[in-house]
C-alpha cells in the first residue's frame, strides 16, 4: 500500500500520524486523570464523569460569550479564564455531589455506579433545560486555530500542541500534589486506611470532599479543552465514558503513571490501526486488545504486587 | 398436595405466597384490567424482568455485577430475529430486490448470497436452540476467561461494559450481515402466523408470563440449593469458599451463564413482541438500565427484581407521556434515592415493614385452613425451616 | 530443585517469594511430622502468614518446592490443594455471616463440591449427623441454627476450625486461632487442638506464648523471611537470638 | 411491498364519491361537515377539532437534531389553525417523546394510533426510528410525515417522505463539483450506518459513470470524535473533493480537526461537499470552522424567495431570534401543510382517502419553493448548493433548473 508514495511523503505521513497519536494521547490523559483520582484513589465509580466534562465545556461556552460581548479586546485570552472557571465550577459541583451522595457510599463502591448514573441523568436534563437540546459551538481565539507548517506536508495543529501542553501540565501538577504535598499524603493515607487516617487526626471527610472535587475539577478542565476538538451537547459526555474507564482500568487504577502509560498505549494502538484499517474496525480491535490484556493482567498494567 | 415435598424444597411458605401473588397479577389482574395496547407494553416490560431476574442471581446472590447483560438480551433477540427475517424474506415478497429471497438490508448492501451463518436459521428448532445456546456459550467464554483470572468486582463490570461496546460497534459496522444500526426490522410472521395481530399479542403475553414464571422456579431451585448457599457464602468470604475446596470461578461462571440464558429468553420474547431487534439494546445504556431495574426492585430478591423491572419501565412510560421533559429528572432522583435510602430496593422495604405482618396473616390463614380441612398435609408445613 | 521423597507430611524446601524485589520468604526449609503440632512464631512482618499462603496456594512461590505427602503443591490450584487434604484458617475469622452455623458447616462438608454436584445436593442423615458432631466438638451445638453473624469473635474462630475439621484434612493450618479469645476460651481451644492433632498434623501461627507453650510440639521462629531457630519451646524461649529479635525493636 | 391492498379494495364507486366530496370540500370547506362524514374510521375528530401526533426525540442523543423538526411542525400547525384549521377543525396535537430509542418510537407510535386515534403523525428523524415504527403504521393504517433526507430504498403507502431521498441530494451535488470546480478525485467519508453507506454507494456509482476516481472511502462509528488519522490519509491521497456524510457529534469533531490540521476549505482543493451539515449542525460546529464547505441540499435558510422570507420571519417570531433553520426543519414544516392539502382534497380525514389524494398535491407556498408529491410518496424538489459562510449561513451558489424526480429505488445505483 505504500508503493504509490515517495519516501519523503511517507516520512511526513509517519510524522503526522505520530502527532495524531500524541494528540489522542493527550485527550485520553485529560479525560482519564480526573477519573484516575476519583476511581483509582477513592474507588468511586463515577459514571457522571462525562457530564462533569461537559459542564466544563458549557462554562467555556458561556465565558466565550461573555468575552465576545463585554470584553472583545481580551478575547484572545478568554480560554485561560474559561479553564479556571471550568475547574472551579466542576469542582464545586463535584464537592456538592460528594456531600449529598457519595460520602454515604464509600463502603459500597458498586452502588456509587448506580447513584452517579442517576446524577448523570439529572445533569443531562439540566443541561438540556438550561442550554437547549441543540449543540452549542464555541469559537476559538484566532491564535489557537490553524496550524504551524513544518514542511509542505507536515503541519502541526496549534490546538493539538495546546492540548498536549495542557495534558502534560495537568499531569505534572497532579503528580506533584499527590506525591509531594502534605495533602497528597493525606489522600493516600485515607485511601489505604480510612479508620486509621481518621485516628491519626486527618479530617477524612474534608480530604474526601477535596479529592472528589479535584477529580471533577480536572474533568472540567478536560471538557473545556475538548471544546476545541469535539461537540458540546447535553449528551456528549456519554461518548467519553467507556473510553475513559478503560484507560484508567487498563493502567492499573491506583497508579497515575499507569494511567499515563495506558493512555499512551491505547492511543498509539488506536491511531496506528486507524491508519491501516477502517475507523470502526480500528476501534473494535483497540477495545479487544484492551480487554485481552486485562484478562491476562486483571489489575492493569501498573500495579504493585502486594502482600495480602 | 402430592408435590408439597418437592415444592416445599423449592419454595418457602413466603416464597409460595410471593409466587402466587405475582402469577395472579400477571395472569389474571393485568389481562383483565388492561387493554391490549397496555397489556403488550406490560409484555415488553416483562422481557426486561428476565434480565433483572438473571441479575438478581448474578449480582445479588453471586456478587458478580455485569454491565453487559444487554449483550445476551440482544444476542437472544437477534437469533430469533434472524429466523423471522428469513421467513419474511421469501422470494415473492422480495421480488423487487436484485437478489430475491435474501433479507432486504443485505440486498441494499450488495450482498448477493445468504451468508453461511444465516443458513441454519431457516430451521425453527435450530433457532430455538441457538437462542439459548449462543448467548450462554458466549457468557461461558467470558466467564471462564475472566473468573479463572480472578477478574472481579468493578473490573469485571467495566470489562463487560467494553464487551457491550465492542459488540455494538461490530454489529453496526457489519451492516450487510446484521442490518446495522437499524437492526433487523419488519418481522411479520412466525411459522406463517401473523405476529402483529392482537391475538398474537395476547398469546405472546401469556407465553412470556409462562416463561417468566418458569425462570422464577429455576431461580428458586438454584437459590435454595446448596449452590445458592455457596454463592451467598462466596459473596461474603470468597477465600474461605476457595479454601474449602471449591473452584470459585466455576460457580461464578455458572451463575453468569444462567443470567445470560435468562436475558436471552427475554431478548427473544422482546423480538417477538416488538417486531424487531436492533443494536441499541446491546449497548451500555440499556445494560445499565437493567441493573437499575434490579437495584430498584431489590438486588437480593428474585421477586423484587421482577417488580423492579415492571415498575420502573411502567413509570418511565407514564412519566414520559405526561411530563416528557422531566422524566430524566425523576429517573435520576429515583436511582439516587434507592441507592441512598433503600439499598435493598423495594424488596428490602417490604422485608423491613410489610413482611412480618403478611407472614402472621399467612400463619393464621393456614391454621384455619388446616383445622377446617383436617386433611391437609402437616408435612408440607412442618417441612419448613424454622 | 530435586526434592527427594521423605517421610514428612509436609516438606518445604528452598522456598522463596519476592514482591517486587522484597523477599518476604527467603530460602525457607520446613519439615512437619505426622501428628505434630508445629507453632510458627516471629515478629510482625516475619513472613508467617505468607508461608501459610504459599502452602495453600493463595500466593505463588518464586522458587522452591512444597511437598505434601510427597505431592508437589506449588503448581496445584487452591481447590485441588484443599482436596488433597490441606485445610487453612485465616487470621481474621472468616465465616459466612449470612448463613447459619449449620449451613456454614454443611458447605464445608466435602460433598457436592462442583457446580452440578452442589446444584443437586440433597441433605442426608450422615451429613446432618456429622455437622452436629462437629458442632458439639467446637462447643456450638446450641447455636447450630443461629446465624453465624451473631456469634462472638471467639465462637467464630471455633466455627472456622469446625469448618476445617468437617473436611477432615491431614494438615491443618491455623493463623492466630486464639486472637480475641478470653482466657477460658484459650484453654478450650488448646484442648480442642490437642484432640484434633491426634490423627493429623497442625501448623499454628500464634503470638500468645502461654498458649504456644500449652500446645506446641516444636516451635519455629521466623525472622525476615528466614528461620531464626527451631526446637522445643523452652530452648527457643531462651535463645538469645530470639530475645534479640523480639526485644531489639 | 409497494402495492396497497386497502386501496385496491376501495373500488370504483367509492373513488367517484370521494372525488365528488373532494370537489365539494375544496369549494367550500368552511361550511363544516359533521364529524361522521369526514371520519369513517373512528379517528380523533370532533366537530371542531382534529388530533394529530408529533413523535420526535426530545431526550437522548437525538434530541439535538430533532428539536428543530418539532418546532417547525408546531409552527405549521399553529399557522394552519390561525387560518381556520383543516375542514373547519382546529388541529390539536399530542406530543410524544421517542427518547432516541427505537422501541420507544414503536411503542409511542402504537399509542398514538391505537389509543389517541390521531389522524396523522409528524415525526421520526433517523432511519432506524422510521424502520421501527413502519410496521406499526402499516398495521394500524396510520399516516406518517417523515422529514429527514434519507437513503431511499423504501416506499411505504403509510409514509409521506418530505425530505429528499439520496439520489436527489447527491447526484446534483456531484455533477456541480465536477462542472463548476473541475473535480476529478473524491474521498468518501461517513459515519458508520446505513445512510452514509448508501449515499456513498450512490456517489461512487455516479463518480464511476462520470469516469472519475474515488481515492478513499472510510467510515467511523457514530459518536467518534478523533479524525486525525483520516485527515492524514486525506492529505496523503490529495483528493479534489471530500464527500462527507458524517453526522451528529462526530461532525463537530471532524470539521474542527480538519480546520486545525490546516485544510482550508475556502481554498480550491480539497473542497468539502457535505450532505449532512445543515445550519443546525453549523451551530454546534461553529461557522468559522466550516467556512467554505459546500452543502448539497434542497433548502437553505438564506433562500431569497418570498415564501421563505415569510417562513423565516414567522419561525423566528415564534421560537426566538437566535434560531437557525436547516433542511430537515423546513421539510418537517411541509408535513402539516401537505397533510392539510391532502385532507382538503379528499374531503375526509380517513387515512385511505388522504393517501389516495396525496399524489399530485402541490404546495406553492413551501419555503423551498414549489413542491409536489410524487406517486411514490416522495417530493419533487430542487437541489441547491450552498457555500458555508462564517456567520453560520449558507450562500446559495447553484440551483437545479428542473424539479428532480424522486427515485427511491434508483436503477443502476444499487
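By written order: A, B, C and D. Residues from 1 in each chain.
Here is the rule we go by: a residue touches a chain if its C-beta (ideal position, glycine included) is under 8 Å from a C-beta of that chain, and two chains touch if they have at least 3 such contacts.
What you are looking at is a predicted structure, and each value in this text was computed from that prediction instead of being measured.
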If I average the CA coordinates per chain, which chain comes out farthest from chain D?
C
Specify the chain pair with the maximum number of C-beta contact pairs.
A-D
Report the inter-chain centroid distance for chain A and chain C in whole angstrom, where each centroid is the mean of the CA atoms.
47
Could you put a whole-Å number on the gap between the CA centroids of chain B and chain C?
43
Chain C and chain D have mean C-alpha positions lying a whole-number Å distance apart equal to 75
Whole-Å separation of chain centres (CA-atom averages), chain A against chain D:
37
Junction residues of chain A - those touching two or more other chains:
125, 128, 238, 278, 280, 283
Specify, in ascending order, the residues of chain C that touch 2 or more different other chains.
58
Touching two or more other chains - residues of chain D
58-59, 192, 219, 221
Per the touch rule above, chain B residues touching chain A in the complex are 65, 145-146, 149-151, 153-155, 157-159, 161-163, 165-166, 169-170, 172-173, 284-285, 288, 291-292, 295, 325-326, 328-329, 331-336, 338-340, 343
Quick one: which bits of chain B touch chain C in the complex? Just the residue numbers, please.
221-222, 225-227, 229-230, 232-233, 235-237, 239-248, 250-251, 254, 386
So in the complex, the part of chain B that touches chain D is made up of which residues?
37, 41, 44, 93, 96, 98, 104-105, 107-110, 169, 172-173, 175, 180-183, 185-188, 196, 270, 274-276, 278, 280-281, 317, 320-321, 324-325, 327-328
Quick check: in the complex, which residue numbers of chain A touch chain D?
5, 9, 13, 16-17, 19-20, 23-24, 27, 125, 128, 132-140, 145-147, 149, 153, 155, 157-160, 228-236, 238-240, 270-271, 274-275, 278-280, 282-283
Where on chain A is chain B touching in the complex?
39, 43, 45, 47, 101, 104-105, 108-111, 113-115, 117-122, 124-125, 128-129, 238, 241-242, 245-246, 249, 278, 280-281, 283-284, 287-288, 290-291, 294-296, 298-299
